[in-house]
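Right after this note come the structures.
One chain, subunit A, links the two complexes that follow: it is found with subunit B in the first and with subunit C in the second.
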Partner chain A sequence: MASTYTLISSQVLASSASSVTFSAIPATYTDLVVRASARSDFAGNDEIFVIRYNSDSAANYSFRYLQVNGSTAGSGAFSNRTTEWALYTNGNSATSNTFGNLEMYIPNYTSTSSRPYSSFGVGETNASSPAMIAVLAGLYQGTSAISSISFAPGNGTNWLSASSFYLYGISNA
Partner chain B sequence: MATATYDKIATTTLGSAASSITFSSIAASWTDLRLVLVATATGAGVNVDITFNSDTATNYSQTNLYGNGTAAASANATARANVEITWSTGTSTTIPSLYEIDVFSYASATYKTLLATSSQDRNGSGDTEKTVGLWRSTAAITSIRINSAASTYATGTTATLYGIKAA
Partner chain C sequence: MTDTPQAVEVNCTTGEVTTRPLTADEIAAQAVAAQAAADQAAAQEAQDKAKADAKASAMAKLAALGLSADEVAAIL
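Let's look at the complex of A and B:
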(Lines of atoms letter the chains of each structure in order from A and count residues from 1; the text may use other names and numbers.)
(Lines give C-alpha, C1' and ligand atoms only; values in the text may rest on other atoms or scores of the structure.)
Protein backbone atom coordinates (compact mmCIF):
# COMPACT_ATOMS: atom_id res chain seq x y z
CA MET A 1 0.00 0.00 0.00
CA ALA A 2 1.49 3.34 -1.04
CA SER A 3 1.98 5.92 1.66
CA THR A 4 -0.19 9.01 1.34
CA TYR A 5 1.88 11.46 3.40
CA THR A 6 4.17 13.04 0.81
CA LEU A 7 6.64 15.88 1.18
CA ILE A 8 5.75 18.54 -1.40
CA SER A 9 8.33 21.16 -0.49
CA SER A 10 10.52 22.35 2.35
CA GLN A 11 12.32 25.54 3.24
CA VAL A 12 15.05 25.64 5.87
CA LEU A 13 16.32 29.18 6.19
CA ALA A 14 20.04 29.74 5.78
CA SER A 15 19.53 33.43 6.54
CA SER A 16 16.75 35.62 7.86
CA ALA A 17 13.69 36.04 5.67
CA SER A 18 10.63 38.26 5.95
CA SER A 19 8.32 35.46 4.86
CA VAL A 20 8.24 31.90 3.63
CA THR A 21 6.01 31.00 0.70
CA PHE A 22 5.03 27.68 -0.81
CA SER A 23 3.83 28.40 -4.33
CA ALA A 24 2.63 26.31 -7.28
CA ILE A 25 1.17 23.76 -4.88
CA PRO A 26 -0.07 20.91 -7.09
CA ALA A 27 -3.77 20.02 -6.93
CA THR A 28 -2.95 16.32 -6.76
CA TYR A 29 -3.65 15.78 -3.07
CA THR A 30 -6.73 15.97 -0.89
CA ASP A 31 -5.35 17.65 2.23
CA LEU A 32 -2.26 19.63 3.18
CA VAL A 33 -0.14 19.55 6.33
CA VAL A 34 2.36 22.23 7.29
CA ARG A 35 4.93 21.54 9.98
CA ALA A 36 7.18 24.39 11.04
CA SER A 37 9.89 25.12 13.57
CA ALA A 38 10.39 28.87 13.72
CA ARG A 39 11.83 31.80 15.63
CA SER A 40 11.53 35.46 14.67
CA ASP A 41 13.51 38.63 15.41
CA PHE A 42 10.64 40.01 17.53
CA ALA A 43 11.93 41.52 20.80
CA GLY A 44 9.51 39.47 22.87
CA ASN A 45 8.76 35.87 23.75
CA ASP A 46 5.74 35.03 21.64
CA GLU A 47 5.48 35.27 17.89
CA ILE A 48 2.51 34.54 15.65
CA PHE A 49 2.31 33.18 12.12
CA VAL A 50 0.46 35.49 9.72
CA ILE A 51 -0.82 33.42 6.82
CA ARG A 52 -2.16 34.24 3.39
CA TYR A 53 -3.47 31.87 0.78
CA ASN A 54 -3.04 32.71 -2.90
CA SER A 55 -1.83 36.24 -1.93
CA ASP A 56 -5.50 36.94 -1.16
CA SER A 57 -5.77 40.17 0.86
CA ALA A 58 -9.57 40.36 0.93
CA ALA A 59 -11.48 39.87 4.18
CA ASN A 60 -11.89 36.14 3.60
CA TYR A 61 -10.30 34.88 6.80
CA SER A 62 -11.56 34.15 10.30
CA PHE A 63 -10.40 32.11 13.28
CA ARG A 64 -10.90 31.37 16.95
CA TYR A 65 -8.42 29.95 19.38
CA LEU A 66 -7.90 28.40 22.76
CA GLN A 67 -4.64 29.22 24.51
CA VAL A 68 -2.79 28.59 27.75
CA ASN A 69 0.35 30.18 29.13
CA GLY A 70 1.25 27.90 32.00
CA SER A 71 -1.22 29.43 34.43
CA THR A 72 -4.43 30.55 32.76
CA ALA A 73 -6.54 29.49 29.79
CA GLY A 74 -8.31 31.87 27.46
CA SER A 75 -10.07 32.08 24.13
CA GLY A 76 -10.38 34.70 21.42
CA ALA A 77 -11.68 35.10 17.89
CA PHE A 78 -11.45 37.34 14.84
CA SER A 79 -13.84 37.59 11.89
CA ASN A 80 -13.65 39.09 8.39
CA ARG A 81 -9.90 39.48 8.49
CA THR A 82 -7.47 40.00 5.63
CA THR A 83 -5.00 37.43 6.97
CA GLU A 84 -5.15 34.15 8.84
CA TRP A 85 -3.19 33.42 12.00
CA ALA A 86 -1.60 30.39 13.53
CA LEU A 87 -0.44 30.54 17.17
CA TYR A 88 2.31 30.48 18.64
CA THR A 89 6.04 30.30 18.14
CA ASN A 90 9.11 31.93 19.66
CA GLY A 91 10.27 35.52 19.42
CA ASN A 92 13.86 36.54 19.93
CA SER A 93 13.57 37.20 23.68
CA ALA A 94 12.80 33.55 24.27
CA THR A 95 15.59 31.34 25.59
CA SER A 96 18.46 31.12 23.10
CA ASN A 97 18.34 28.31 20.59
CA THR A 98 14.66 27.61 21.19
CA PHE A 99 12.25 27.41 18.29
CA GLY A 100 8.49 27.05 18.56
CA ASN A 101 6.62 24.39 16.64
CA LEU A 102 3.51 24.46 14.52
CA GLU A 103 1.33 21.89 12.79
CA MET A 104 -1.49 22.93 10.47
CA TYR A 105 -4.04 20.68 8.77
CA ILE A 106 -5.90 22.02 5.73
CA PRO A 107 -8.49 19.64 4.25
CA ASN A 108 -9.98 19.99 0.78
CA TYR A 109 -7.52 22.72 -0.23
CA THR A 110 -8.58 22.45 -3.89
CA SER A 111 -12.18 23.28 -3.00
CA THR A 112 -13.48 26.66 -4.12
CA SER A 113 -15.84 27.12 -1.19
CA SER A 114 -15.32 27.48 2.56
CA ARG A 115 -12.29 25.58 3.86
CA PRO A 116 -11.71 24.95 7.56
CA TYR A 117 -8.28 24.35 8.99
CA SER A 118 -6.71 23.55 12.34
CA SER A 119 -3.41 24.53 13.88
CA PHE A 120 -1.58 23.64 17.05
CA GLY A 121 1.39 25.73 18.11
CA VAL A 122 3.75 25.67 21.06
CA GLY A 123 6.61 27.83 22.21
CA GLU A 124 8.13 26.21 25.28
CA THR A 125 11.39 27.90 26.38
CA ASN A 126 12.29 26.61 29.85
CA ALA A 127 11.89 30.15 31.18
CA SER A 128 9.95 31.60 34.09
CA SER A 129 8.15 33.80 31.61
CA PRO A 130 5.63 31.26 30.38
CA ALA A 131 5.48 30.20 26.78
CA MET A 132 2.20 29.88 24.93
CA ILE A 133 0.29 26.92 23.60
CA ALA A 134 -2.68 27.41 21.30
CA VAL A 135 -5.23 25.34 19.43
CA LEU A 136 -6.82 27.29 16.60
CA ALA A 137 -9.76 26.71 14.28
CA GLY A 138 -9.62 28.77 11.11
CA LEU A 139 -11.76 29.33 8.05
CA TYR A 140 -10.80 30.56 4.58
CA GLN A 141 -13.65 31.69 2.33
CA GLY A 142 -11.70 32.61 -0.80
CA THR A 143 -13.17 31.19 -3.99
CA SER A 144 -10.07 29.74 -5.62
CA ALA A 145 -8.29 26.50 -4.91
CA ILE A 146 -5.31 27.06 -2.61
CA SER A 147 -2.15 27.08 -4.73
CA SER A 148 0.14 29.10 -2.49
CA ILE A 149 0.59 29.68 1.24
CA SER A 150 2.79 32.32 2.83
CA PHE A 151 3.94 32.64 6.42
CA ALA A 152 5.19 35.94 7.86
CA PRO A 153 5.95 36.87 11.46
CA GLY A 154 3.18 39.02 12.89
CA ASN A 155 5.18 40.78 15.59
CA GLY A 156 8.71 40.74 14.22
CA THR A 157 10.14 41.54 10.81
CA ASN A 158 11.98 38.37 9.88
CA TRP A 159 12.10 34.65 10.52
CA LEU A 160 15.56 33.84 11.81
CA SER A 161 18.08 31.47 10.28
CA ALA A 162 17.40 27.77 10.92
CA SER A 163 13.66 28.28 10.92
CA SER A 164 12.15 25.45 8.91
CA PHE A 165 8.86 24.94 7.10
CA TYR A 166 7.67 21.67 5.56
CA LEU A 167 4.62 21.19 3.33
CA TYR A 168 3.11 17.72 2.96
CA GLY A 169 0.29 16.41 0.80
CA ILE A 170 -2.17 13.70 1.81
CA SER A 171 -4.37 11.92 -0.69
CA ASN A 172 -7.50 9.90 0.04
CA ALA A 173 -7.90 8.84 -3.58
CA MET B 1 15.64 5.16 6.55
CA ALA B 2 12.36 3.81 7.76
CA THR B 3 9.66 3.26 5.18
CA ALA B 4 6.86 5.82 5.15
CA THR B 5 3.84 4.39 6.92
CA TYR B 6 0.87 6.72 6.52
CA ASP B 7 -1.65 4.71 4.54
CA LYS B 8 -5.20 5.39 3.49
CA ILE B 9 -7.37 2.50 4.64
CA ALA B 10 -10.77 3.69 3.42
CA THR B 11 -12.71 6.82 2.56
CA THR B 12 -16.42 7.60 2.44
CA THR B 13 -18.08 10.59 0.79
CA LEU B 14 -21.79 10.75 1.44
CA GLY B 15 -23.93 10.71 -1.70
CA SER B 16 -26.97 11.34 0.46
CA ALA B 17 -27.57 12.43 4.03
CA ALA B 18 -26.80 9.83 6.68
CA SER B 19 -26.92 9.64 10.45
CA SER B 20 -23.66 7.72 10.71
CA ILE B 21 -20.54 6.58 8.89
CA THR B 22 -18.93 3.25 9.73
CA PHE B 23 -15.54 1.82 8.91
CA SER B 24 -15.55 -1.93 9.45
CA SER B 25 -13.19 -4.87 9.00
CA ILE B 26 -10.22 -2.73 10.03
CA ALA B 27 -7.13 -4.91 9.82
CA ALA B 28 -4.61 -5.00 12.65
CA SER B 29 -1.85 -4.04 10.23
CA TRP B 30 -0.96 -0.66 11.68
CA THR B 31 0.01 0.81 15.04
CA ASP B 32 -2.32 3.81 15.19
CA LEU B 33 -5.34 5.07 13.30
CA ARG B 34 -6.17 8.58 12.16
CA LEU B 35 -9.68 9.56 11.12
CA VAL B 36 -10.30 12.84 9.30
CA LEU B 37 -13.90 14.00 9.01
CA VAL B 38 -14.97 17.10 7.07
CA ALA B 39 -18.67 17.48 7.73
CA THR B 40 -21.73 19.59 7.32
CA ALA B 41 -25.16 18.78 8.75
CA THR B 42 -28.71 18.81 7.46
CA GLY B 43 -30.03 20.38 10.64
CA ALA B 44 -29.08 21.77 14.00
CA GLY B 45 -27.56 19.77 16.77
CA VAL B 46 -25.29 17.33 14.98
CA ASN B 47 -22.75 16.46 17.62
CA VAL B 48 -20.10 14.00 16.52
CA ASP B 49 -19.73 10.92 18.68
CA ILE B 50 -17.56 7.84 18.25
CA THR B 51 -18.09 4.19 19.16
CA PHE B 52 -15.89 1.16 18.55
CA ASN B 53 -16.83 -2.41 17.59
CA SER B 54 -20.57 -1.59 17.88
CA ASP B 55 -20.14 -1.30 21.66
CA THR B 56 -22.84 1.02 23.04
CA ALA B 57 -22.43 0.01 26.66
CA THR B 58 -21.15 2.58 29.12
CA ASN B 59 -17.51 1.75 28.49
CA TYR B 60 -16.41 5.22 27.41
CA SER B 61 -15.24 8.34 29.19
CA GLN B 62 -13.87 11.67 28.08
CA THR B 63 -12.40 15.04 29.01
CA ASN B 64 -12.89 18.07 26.79
CA LEU B 65 -11.13 21.42 26.61
CA TYR B 66 -12.70 24.08 24.43
CA GLY B 67 -12.78 27.74 23.56
CA ASN B 68 -15.57 29.59 21.80
CA GLY B 69 -13.74 32.83 21.10
CA THR B 70 -14.76 34.38 24.38
CA ALA B 71 -13.98 31.91 27.14
CA ALA B 72 -12.12 28.68 27.72
CA ALA B 73 -13.78 25.80 29.55
CA SER B 74 -13.38 22.12 30.30
CA ALA B 75 -15.76 19.25 30.94
CA ASN B 76 -15.50 15.63 31.95
CA ALA B 77 -17.91 12.72 31.62
CA THR B 78 -17.64 9.10 32.74
CA ALA B 79 -19.53 5.90 32.00
CA ARG B 80 -20.72 7.14 28.62
CA ALA B 81 -22.05 5.09 25.72
CA ASN B 82 -19.74 6.93 23.29
CA VAL B 83 -17.06 9.60 23.09
CA GLU B 84 -18.48 12.92 21.97
CA ILE B 85 -15.89 15.16 20.34
CA THR B 86 -18.18 18.19 19.90
CA TRP B 87 -19.00 18.91 23.50
CA SER B 88 -19.40 22.62 22.91
CA THR B 89 -20.67 23.24 19.38
CA GLY B 90 -22.37 20.98 16.86
CA THR B 91 -21.67 20.72 13.15
CA SER B 92 -22.84 23.59 10.96
CA THR B 93 -25.36 23.24 8.13
CA THR B 94 -23.40 25.55 5.84
CA ILE B 95 -19.70 25.77 6.72
CA PRO B 96 -17.68 22.55 6.91
CA SER B 97 -16.20 21.53 10.24
CA LEU B 98 -12.90 19.68 10.49
CA TYR B 99 -12.49 16.79 12.94
CA GLU B 100 -9.19 14.94 13.39
CA ILE B 101 -9.31 11.81 15.57
CA ASP B 102 -6.19 9.84 16.48
CA VAL B 103 -6.69 6.38 17.97
CA PHE B 104 -3.58 4.99 19.58
CA SER B 105 -2.55 1.31 19.75
CA TYR B 106 -5.95 0.30 18.41
CA ALA B 107 -5.04 -3.38 18.06
CA SER B 108 -3.51 -3.75 21.50
CA ALA B 109 -4.91 -5.74 24.40
CA THR B 110 -5.05 -2.65 26.62
CA TYR B 111 -7.77 -0.01 26.94
CA LYS B 112 -7.86 2.39 23.97
CA THR B 113 -7.27 6.15 24.01
CA LEU B 114 -8.26 8.66 21.37
CA LEU B 115 -7.27 12.29 20.95
CA ALA B 116 -9.56 14.47 18.88
CA THR B 117 -9.38 18.02 17.57
CA SER B 118 -12.57 19.79 16.51
CA SER B 119 -12.17 22.92 14.38
CA GLN B 120 -15.36 24.86 13.82
CA ASP B 121 -14.85 28.50 12.92
CA ARG B 122 -17.83 30.12 11.17
CA ASN B 123 -16.64 33.68 10.74
CA GLY B 124 -18.34 34.98 13.85
CA SER B 125 -19.22 31.85 15.80
CA GLY B 126 -17.99 28.33 16.49
CA ASP B 127 -15.27 26.91 18.68
CA THR B 128 -12.07 24.94 18.83
CA GLU B 129 -11.90 21.87 20.99
CA LYS B 130 -9.59 19.09 22.17
CA THR B 131 -10.98 15.82 23.50
CA VAL B 132 -9.27 12.88 25.10
CA GLY B 133 -11.43 9.76 25.13
CA LEU B 134 -11.07 6.32 26.64
CA TRP B 135 -12.70 3.04 25.60
CA ARG B 136 -12.40 0.52 28.39
CA SER B 137 -12.03 -2.61 26.30
CA THR B 138 -9.12 -4.93 25.65
CA ALA B 139 -10.51 -6.01 22.28
CA ALA B 140 -8.74 -4.89 19.14
CA ILE B 141 -10.67 -2.18 17.33
CA THR B 142 -12.07 -3.59 14.10
CA SER B 143 -14.80 -1.04 13.42
CA ILE B 144 -15.40 2.64 14.06
CA ARG B 145 -18.77 4.32 13.87
CA ILE B 146 -19.10 8.09 13.57
CA ASN B 147 -22.57 8.90 14.76
CA SER B 148 -24.64 12.07 14.93
CA ALA B 149 -26.55 12.79 18.10
CA ALA B 150 -29.27 14.58 16.15
CA SER B 151 -30.11 15.33 12.53
CA THR B 152 -27.83 13.83 9.86
CA TYR B 153 -24.55 14.45 8.09
CA ALA B 154 -25.15 16.22 4.80
CA THR B 155 -24.33 15.06 1.28
CA GLY B 156 -20.65 15.67 0.55
CA THR B 157 -19.49 14.94 4.08
CA THR B 158 -16.21 13.04 3.80
CA ALA B 159 -14.55 10.69 6.27
CA THR B 160 -11.16 9.08 5.64
CA LEU B 161 -9.43 6.50 7.80
CA TYR B 162 -5.63 6.29 7.73
CA GLY B 163 -3.28 3.75 9.24
CA ILE B 164 0.07 4.72 10.75
CA LYS B 165 2.65 2.03 11.32
CA ALA B 166 5.52 2.37 13.73
CA ALA B 167 7.45 -0.70 12.71
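Let's look at the complex of A and C:
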Protein backbone atom coordinates (compact mmCIF):
# COMPACT_ATOMS: atom_id res chain seq x y z
CA MET A 1 0.00 0.00 0.00
CA ALA A 2 1.39 3.32 -1.03
CA SER A 3 2.47 5.43 1.90
CA THR A 4 3.15 8.64 -0.03
CA TYR A 5 1.36 10.52 -2.77
CA THR A 6 3.49 13.47 -3.84
CA LEU A 7 2.72 16.08 -6.47
CA ILE A 8 5.73 16.08 -8.80
CA SER A 9 4.51 18.70 -11.23
CA SER A 10 1.40 20.16 -12.78
CA GLN A 11 0.36 22.21 -15.76
CA VAL A 12 -2.85 24.18 -16.12
CA LEU A 13 -3.00 25.60 -19.62
CA ALA A 14 -3.35 29.36 -19.89
CA SER A 15 -3.86 29.02 -23.63
CA SER A 16 -4.41 26.18 -26.08
CA ALA A 17 -1.61 23.70 -26.60
CA SER A 18 -1.26 20.71 -28.87
CA SER A 19 0.58 18.64 -26.31
CA VAL A 20 1.62 18.68 -22.68
CA THR A 21 4.81 16.90 -21.66
CA PHE A 22 6.22 16.12 -18.24
CA SER A 23 9.97 15.69 -18.74
CA ALA A 24 12.91 14.93 -16.46
CA ILE A 25 10.64 12.93 -14.17
CA PRO A 26 12.64 12.01 -11.07
CA ALA A 27 13.38 8.29 -10.72
CA THR A 28 12.86 8.47 -6.97
CA TYR A 29 9.36 7.08 -6.72
CA THR A 30 7.87 3.61 -7.06
CA ASP A 31 4.85 4.39 -9.24
CA LEU A 32 3.35 7.35 -11.07
CA VAL A 33 -0.19 8.68 -11.14
CA VAL A 34 -1.51 11.17 -13.66
CA ARG A 35 -4.72 13.09 -13.13
CA ALA A 36 -6.00 15.19 -16.00
CA SER A 37 -9.05 17.32 -16.60
CA ALA A 38 -9.08 18.16 -20.27
CA ARG A 39 -11.09 19.40 -23.21
CA SER A 40 -9.92 19.58 -26.80
CA ASP A 41 -10.94 21.61 -29.84
CA PHE A 42 -12.31 18.49 -31.57
CA ALA A 43 -15.75 19.08 -33.11
CA GLY A 44 -17.27 16.10 -31.34
CA ASN A 45 -18.19 14.99 -27.84
CA ASP A 46 -15.39 12.57 -27.12
CA GLU A 47 -11.64 13.00 -27.21
CA ILE A 48 -8.85 10.56 -26.56
CA PHE A 49 -5.43 11.04 -25.03
CA VAL A 50 -2.53 10.05 -27.29
CA ILE A 51 0.41 9.26 -25.03
CA ARG A 52 4.10 8.78 -25.63
CA TYR A 53 6.72 7.82 -23.09
CA ASN A 54 10.28 9.14 -23.52
CA SER A 55 9.33 10.57 -26.96
CA ASP A 56 9.46 6.96 -28.13
CA SER A 57 7.81 6.67 -31.56
CA ALA A 58 8.63 2.99 -32.07
CA ALA A 59 5.89 0.36 -32.13
CA ASN A 60 6.22 -0.27 -28.40
CA TYR A 61 2.67 0.33 -27.24
CA SER A 62 -0.26 -2.05 -26.78
CA PHE A 63 -3.58 -1.67 -25.04
CA ARG A 64 -7.05 -3.14 -24.48
CA TYR A 65 -10.14 -1.29 -23.39
CA LEU A 66 -13.73 -1.61 -22.32
CA GLN A 67 -16.05 1.29 -22.92
CA VAL A 68 -19.66 2.33 -22.63
CA ASN A 69 -21.20 4.93 -24.88
CA GLY A 70 -24.60 5.63 -23.43
CA SER A 71 -26.04 2.13 -23.04
CA THR A 72 -23.83 0.51 -25.68
CA ALA A 73 -20.81 -1.42 -24.44
CA GLY A 74 -17.79 -2.11 -26.58
CA SER A 75 -14.23 -3.26 -26.42
CA GLY A 76 -11.06 -3.21 -28.46
CA ALA A 77 -7.46 -4.34 -28.49
CA PHE A 78 -4.42 -2.93 -30.26
CA SER A 79 -0.86 -4.22 -30.28
CA ASN A 80 2.53 -2.82 -31.24
CA ARG A 81 1.42 0.69 -32.06
CA THR A 82 3.49 3.86 -32.13
CA THR A 83 1.42 5.61 -29.47
CA GLU A 84 -0.44 4.66 -26.34
CA TRP A 85 -3.99 5.82 -25.72
CA ALA A 86 -6.10 6.66 -22.72
CA LEU A 87 -9.87 7.01 -23.08
CA TYR A 88 -11.90 9.35 -22.83
CA THR A 89 -12.27 13.08 -22.22
CA ASN A 90 -14.24 15.94 -23.70
CA GLY A 91 -14.22 17.25 -27.22
CA ASN A 92 -15.52 20.71 -27.94
CA SER A 93 -19.10 19.63 -28.72
CA ALA A 94 -19.58 18.50 -25.14
CA THR A 95 -21.48 20.78 -22.79
CA SER A 96 -19.80 24.19 -22.70
CA ASN A 97 -17.11 24.69 -20.09
CA THR A 98 -17.04 21.05 -19.02
CA PHE A 99 -13.93 18.94 -18.91
CA GLY A 100 -13.52 15.18 -18.91
CA ASN A 101 -11.48 13.39 -16.29
CA LEU A 102 -8.69 10.90 -16.53
CA GLU A 103 -6.67 8.92 -14.03
CA MET A 104 -3.67 6.86 -15.06
CA TYR A 105 -1.60 4.57 -12.86
CA ILE A 106 1.88 3.58 -14.02
CA PRO A 107 3.51 1.09 -11.66
CA ASN A 108 7.25 0.48 -11.54
CA TYR A 109 8.02 3.23 -14.07
CA THR A 110 11.79 3.00 -13.54
CA SER A 111 11.88 -0.58 -14.78
CA THR A 112 13.60 -1.19 -18.11
CA SER A 113 11.34 -4.13 -18.88
CA SER A 114 7.82 -3.93 -20.25
CA ARG A 115 5.61 -1.81 -18.03
CA PRO A 116 1.84 -1.96 -17.75
CA TYR A 117 -0.40 0.95 -17.01
CA SER A 118 -4.10 1.41 -16.46
CA SER A 119 -6.42 4.30 -17.04
CA PHE A 120 -9.96 5.30 -16.30
CA GLY A 121 -11.59 8.16 -18.13
CA VAL A 122 -14.98 9.71 -18.59
CA GLY A 123 -16.35 12.55 -20.62
CA GLU A 124 -18.48 15.12 -18.82
CA THR A 125 -21.20 15.60 -21.40
CA ASN A 126 -24.12 16.90 -19.42
CA ALA A 127 -26.45 17.15 -22.38
CA SER A 128 -28.70 14.84 -24.36
CA SER A 129 -25.74 13.15 -25.99
CA PRO A 130 -24.41 10.21 -24.01
CA ALA A 131 -21.19 10.37 -22.07
CA MET A 132 -18.34 8.02 -22.84
CA ILE A 133 -16.59 6.04 -20.14
CA ALA A 134 -13.71 3.62 -20.54
CA VAL A 135 -11.24 1.54 -18.62
CA LEU A 136 -8.02 0.65 -20.36
CA ALA A 137 -5.04 -1.60 -19.73
CA GLY A 138 -1.87 -0.76 -21.59
CA LEU A 139 1.66 -2.04 -21.96
CA TYR A 140 4.76 -0.02 -22.80
CA GLN A 141 7.54 -2.20 -24.22
CA GLY A 142 10.34 0.36 -24.39
CA THR A 143 13.61 -0.55 -22.68
CA SER A 144 14.33 2.67 -20.82
CA ALA A 145 12.88 3.85 -17.55
CA ILE A 146 10.05 6.29 -18.10
CA SER A 147 11.43 9.81 -17.70
CA SER A 148 8.92 11.75 -19.77
CA ILE A 149 5.22 11.46 -20.64
CA SER A 150 3.41 13.50 -23.26
CA PHE A 151 -0.31 13.92 -23.81
CA ALA A 152 -1.85 15.05 -27.09
CA PRO A 153 -5.44 14.99 -28.29
CA GLY A 154 -6.08 12.22 -30.80
CA ASN A 155 -9.05 13.72 -32.57
CA GLY A 156 -8.54 17.44 -32.19
CA THR A 157 -5.47 19.65 -32.64
CA ASN A 158 -5.25 21.38 -29.28
CA TRP A 159 -6.07 20.99 -25.62
CA LEU A 160 -8.13 24.02 -24.72
CA SER A 161 -7.27 26.62 -22.12
CA ALA A 162 -7.86 25.52 -18.50
CA SER A 163 -7.14 21.89 -19.29
CA SER A 164 -5.06 20.64 -16.40
CA PHE A 165 -2.54 17.86 -15.94
CA TYR A 166 -1.09 16.67 -12.63
CA LEU A 167 1.73 14.17 -12.13
CA TYR A 168 2.11 12.43 -8.78
CA GLY A 169 4.77 10.12 -7.44
CA ILE A 170 3.88 7.14 -5.28
CA SER A 171 6.39 5.65 -2.88
CA ASN A 172 5.95 2.37 -1.10
CA ALA A 173 8.32 3.18 1.73
CA MET B 1 -1.43 33.60 -30.50
CA THR B 2 0.06 31.78 -33.45
CA ASP B 3 -1.60 29.41 -35.89
CA THR B 4 1.13 26.83 -35.41
CA PRO B 5 0.17 24.34 -32.70
CA GLN B 6 2.20 24.82 -29.56
CA ALA B 7 3.77 22.17 -27.37
CA VAL B 8 4.10 22.73 -23.64
CA GLU B 9 6.84 20.94 -21.74
CA VAL B 10 7.24 20.96 -17.98
CA ASN B 11 10.65 19.96 -16.65
CA CYS B 12 9.82 18.12 -13.46
CA THR B 13 13.32 18.54 -12.06
CA THR B 14 13.80 22.28 -12.62
CA GLY B 15 10.18 23.39 -12.84
CA GLU B 16 10.93 25.20 -16.08
CA VAL B 17 8.00 25.41 -18.51
CA THR B 18 8.82 25.65 -22.21
CA THR B 19 6.36 26.48 -24.97
CA ARG B 20 7.44 25.96 -28.56
CA PRO B 21 5.83 25.42 -31.97
CA LEU B 22 5.40 21.84 -33.10
CA THR B 23 7.94 20.64 -35.64
CA ALA B 24 6.81 19.47 -39.06
CA ASP B 25 7.43 15.88 -37.97
CA GLU B 26 5.29 16.37 -34.88
CA ILE B 27 2.48 17.89 -36.94
CA ALA B 28 2.65 14.92 -39.31
CA ALA B 29 2.61 12.52 -36.38
CA GLN B 30 -0.43 14.29 -34.99
CA ALA B 31 -2.22 13.79 -38.31
CA VAL B 32 -1.38 10.09 -38.20
CA ALA B 33 -2.71 9.85 -34.66
CA ALA B 34 -5.90 11.64 -35.67
CA GLN B 35 -6.41 9.18 -38.52
CA ALA B 36 -5.82 6.26 -36.17
CA ALA B 37 -8.37 7.69 -33.76
CA ALA B 38 -10.90 8.11 -36.55
CA ASP B 39 -10.27 4.55 -37.71
CA GLN B 40 -10.76 3.24 -34.20
CA ALA B 41 -13.99 5.18 -33.80
CA ALA B 42 -15.30 3.82 -37.11
CA ALA B 43 -14.34 0.27 -36.16
CA GLN B 44 -16.03 0.66 -32.77
CA GLU B 45 -19.16 2.03 -34.41
CA ALA B 46 -19.26 -0.90 -36.83
CA GLN B 47 -18.76 -3.34 -33.96
CA ASP B 48 -21.56 -1.72 -31.97
CA LYS B 49 -23.90 -1.80 -34.96
CA ALA B 50 -23.16 -5.44 -35.69
CA LYS B 51 -23.87 -6.29 -32.07
CA ALA B 52 -27.15 -4.36 -32.10
CA ASP B 53 -28.19 -5.95 -35.39
CA ALA B 54 -27.45 -9.43 -34.06
CA LYS B 55 -29.48 -8.73 -30.94
CA ALA B 56 -32.43 -7.47 -32.96
CA SER B 57 -32.26 -10.54 -35.19
CA ALA B 58 -32.15 -12.85 -32.18
CA MET B 59 -35.13 -11.09 -30.60
CA ALA B 60 -37.14 -11.43 -33.80
CA LYS B 61 -36.37 -15.15 -34.07
CA LEU B 62 -37.30 -15.75 -30.45
CA ALA B 63 -40.54 -13.83 -30.90
CA ALA B 64 -41.30 -15.98 -33.95
CA LEU B 65 -40.96 -19.03 -31.72
CA GLY B 66 -43.72 -17.66 -29.54
CA LEU B 67 -41.78 -16.04 -26.71
CA SER B 68 -43.32 -12.89 -25.25
CA ALA B 69 -41.36 -9.64 -25.19
CA ASP B 70 -40.79 -10.07 -21.45
CA GLU B 71 -39.51 -13.60 -21.97
CA VAL B 72 -37.16 -12.47 -24.71
CA ALA B 73 -35.88 -9.64 -22.52
CA ALA B 74 -35.29 -12.08 -19.67
CA ILE B 75 -32.86 -14.21 -21.64
CA LEU B 76 -31.02 -11.52 -23.64
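Assume the second predicted complex is superposed on the first by the 170 of 173 C-alpha atoms of A that agree within 3 Å, B and C clash if a C-alpha of one lies under 4 Å from a C-alpha of the other, contacts with A are read in each partner's own complex, and residues count from 1 in each chain.
The rule we apply is simple: a contact is a pair of C-beta atoms (placed from the backbone, for glycine too) under 8 Å apart; a residue touches a chain by one contact, two chains touch by 3 or more.
Bear in mind that the values here come from a model prediction, so they are computed numbers and not experimental data.
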TODO: State whether A:Ile8 touches subunit B only (first), subunit C only (second), both chains, or neither.
DONE: second
- [ ] State whether A:Ser96 touches subunit B only (first), subunit C only (second), both chains, or neither.
- [x] neither
TODO: Could you say whether A:Ile48 touches subunit B, subunit C, both of them, or neither, answering first, second, both or neither?
DONE: second
TODO: Scan A:Ala17 for contacts with subunit B and subunit C and give back first, second, both or neither.
DONE: second
TODO: Could you say whether A:Gly76 touches subunit B, subunit C, both of them, or neither, answering first, second, both or neither?
DONE: both
Open item on the list: Output check: A:Ser57 vs subunit B and subunit C. Expected answer is one of first, second, both, neither. What do you get?
Closed with: second
Open item on the list: With both complexes superposed on chain A, which partner does A:Ile25 reach: first (subunit B), second (subunit C), both or neither?
Closed with: second
Task: subunit B and subunit C footprints on subunit A, overlapping residues - done: 67, 74, 76
Open item on the list: List the residues on subunit B that touch subunit A in their complex, please.
Closed with: 3-8, 11, 36, 38, 65-72, 94-98, 100, 117-124, 126-130, 158, 160, 162
Task: Residue ranges of subunit A in contact with subunit C within the complex - done: 8-11, 13, 15-26, 48, 50, 57, 67, 69, 72, 74, 76, 78, 81-83, 85, 152, 154-158, 167
Task: Contacting residues of subunit A [partner subunit B, same complex] - done: 1-5, 30-31, 62-68, 73-77, 79-80, 105, 107-108, 114-118, 120, 135-139, 141, 170-173
Open item on the list: If we count contacts the way the header does, which residues on subunit C are in touch with subunit A in the complex?
Closed with: 1, 5-15, 17, 19, 22, 26, 29-30, 32-34, 36-38, 40-41, 43-44, 47-48, 51-52
